[in-house]
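Lettered A, B, C and D in written order, each chain numbered from 1.
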């Protein structure tokens, strides 16, 4: 192998003496790898340990299967949740969108500029609005309108599409339909949503209206993993911007769009780079 | 009068054609004043108009009484709420504090640096912690400990102190006691509190703990006028700062202290400069 | 006329007693207009006064010509620089771009989302990279490659295009060619550039490299009017974002792109809304 | 030893395979320590590696001398610059100040609130203004006025004071005198200054005036290590705040004070916690 592949090892386990040494020794002694980055984190209150190691797999005879077999006993010994990812394995991404296209347009433009290493496999929408943008960027577009009655059927069609395209992560780029628990369970910590408020403030519908009513001086946006409970999943990123009395509802919505773009694109990038560890409804970001 | 006094005229009324002209003409024709600043704002949805005019009262024979008498008919005609303030009239301020002294220390230091034009008339606390600081800054200190049983009595003593010192505005600089409706009603829109969260997120007690639990990526602080309902008064100022997993609860609290200082000091300054108009649980800040 | 046109009156002049009253009285008495917004500013040091008045021209018989004739004497009396603009008069905008398309894509997307009231008349580039984006958004694309030798000729062609399309404002959306004084003089305070640093730090070429070398902890971007002296024109907007040692040059450039988009789009919006007054190499923003 | 001491190992060296493993193995195998935090950084362009390891020295028989002797060969092997610090060893800090007291007051207040683990050994000033504050906080105050003629003599007296009190770090909390190269060399990377601009913009005197003249939209402040060349030392922290045309010079200076406080206090905290590695006129902050 001439170009060494970059592997990313992600671990969380109960905190205990000797974890770092065990991992580092395994990588260095067993595989003679070059550790490129190593980040760790402890949650002192919960007694948990988290680690992300990026290393070059240039050792002769490195194979994922052999690695898994060899690392297994260590992982068991320390009660680790762990996974290994490879930087050159482009993930398959599905983008869901409704009528507001600013987040979608932003993600597509960033992808074109080379910011995301992934395969934009398909765009799913309950509206036709995004079709021209999808066609311009040559991403297959699936129009699946949702009515009061057909929702379970549409979700089945969506899940079939995701399965067919081996989708790794679903990005809800202002998709204004609530996903069923069944859908969410099929992609745990693999559905990223953007909510147009600074969570936990203003959950639910029309958060900009609620923020305007309350008279806040900053508005925000939040990207998070989707869980069963609406707007309560682990937060990935948040940002805010200042508003004043000069911002009527419309300008507040316009300013918010910029926040939505930013927090969603950062979440997508970190997820694609395997920089997020999620636990206990929180995230650790190794950025 | 050689040094013209600066007057500040504050108005809110139903929005309607001709308001600006009526006010400007009154000031210029009747009093020949020099308008130094004029700011206005419309709440389009509610159909309300707000104005703040700063002017030099150098006209021969300007008196507050004559101004009030002359402006009355115009005010009635436009259904105005209005008041006139004078920049050289130092307001009497009472600072309430409990055990955390960072906001108090900050306000005292700013006052010493000349940032606030006011008379720091007294410091009230349910703890002795602030006494040395009060003495250093030569502000009379009143220790009024609060127990489960003596709260109404203490509030009466506090109100008596405020009345005796002709207090214009009460600043709760991390005063950890909830004021009774009776107390609040005595100083409508004249009690400024700092809450250590980004309202409306994390109302009530221990907001930093709640923010830590929820896994937010930014923490905030809010200064607001105190109303009958806890943490629900009109917001004056808010700010946030970024946190990460590296911030355990203690560092989060420490970072929050800086936010509290900033949002409270800005609120105090704007209030003292008569830059805040409050309506419908919102504030207009003519900053 | 059934839908009243919105007019915007912009004034700067030496500061002097009675200006506000003179303007307001003229508008109200002569034209019986409804003043929608009025903002003013004084530069105390330079003794200058600035005003922006937005008003509804619903008076019977309002014409621009009559207004100009009537306002002339007042303007002369107060030595005003002034202009009147109309909100419904869509301005003609030319976008100049080179190879980096992120600012262009952002402006086009915002235009499509209805954020800018203007006519995107043409895109000019010294590269072919932007052609597909131009075609997707149906904006005429002009490819005018620049070499060491043909620069004056290209500029003449560009100026001819601008004249032919009656261009009001030129937006340099990462156009990497320096404009000649002759070009700049043809569009005074009507060419908007984005520079990828926090001016006046890191003027000239490769500012991200310079920022990286210097080890700054925040990077910035600046939008400004182009003047004869490179990177020294009046600043319209600036923003910064935090970086750390984890940001190698590439991620620094990527983070910077988001800043460039933001500061350029805000400058374009404010310019189109006639919210910018420029004087003495500064800008007043009535936002 | 019942309460394990926390040690902090700081390393920089040429980047090379096996560094992390060598360090971790040394700590774990030789000393059986519990690694509490480990942060590393690579400067890819310069080929440098940086590490900060925080560990509990609870091994029986841990001594600094033995550690130094044992780690020496590894350090030589990897050409490391390294040092070991102990969290419980309170450093001696000297605060230098002139007439503006806001930074000094802020540092003293934070120290009182327990934010800094250090011994505030003395305050040195060329003015008497800080004496009451020093006395209130019970920090010895040394008044050493500087004239055109006595500067070398004063510096000698200052250096004698620093030596006598075994000062580890000098904090220039708005000390408005330029230190001689001789002074700076005596405390390499151990003198922290705050400059009231966003460096490298507006070096030298009166940066707020220069920022006001230039018409910037954000003002900044910078904390940095002092080197021979004025305002050019490695930057530790920077921050900015938004200004507008409403900010005349005085309010700009007032807003700047808050920035100065923030960036200086963060620099002091990081320095005291041994979180800063400095190289090539840059800093790595392991925050």
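By definition in this document, contacts are C-beta pairs under 8 Å (C-beta built on N, C-alpha and C of every residue); 3 or more make two chains touch, one makes a residue touch a chain.
Predicted model, so just to flag it, every value in this text is computed and none were measured.
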Taking shared numbers over all numbers used, above half giving same and below half different, the subunit A and subunit B interface sides are same
Max Cα-centre separation from subunit A goes to chain B
The distance between the C-alpha centres of subunit A and subunit C, rounded to whole Å, is 37
Expressed in whole Å, how far the mean CA point of subunit C lies from that of subunit D is 42
For subunit C, residue numbers touching 2 or more other chains are 246
In the complex, subunit A touches subunit B at residues 41, 43-45, 50, 198-202, 214-218, 220, 234-240, 244-246, 248-249, 280-285
In the complex, the residues of subunit A that touch subunit C are 101-102, 105-106, 109, 113, 115, 132, 136, 246, 254, 257-258, 262, 287
Contacts from subunit A onto subunit D in the complex sit at residues 17-18, 20-21, 24-25, 27-29, 34-40, 42, 242
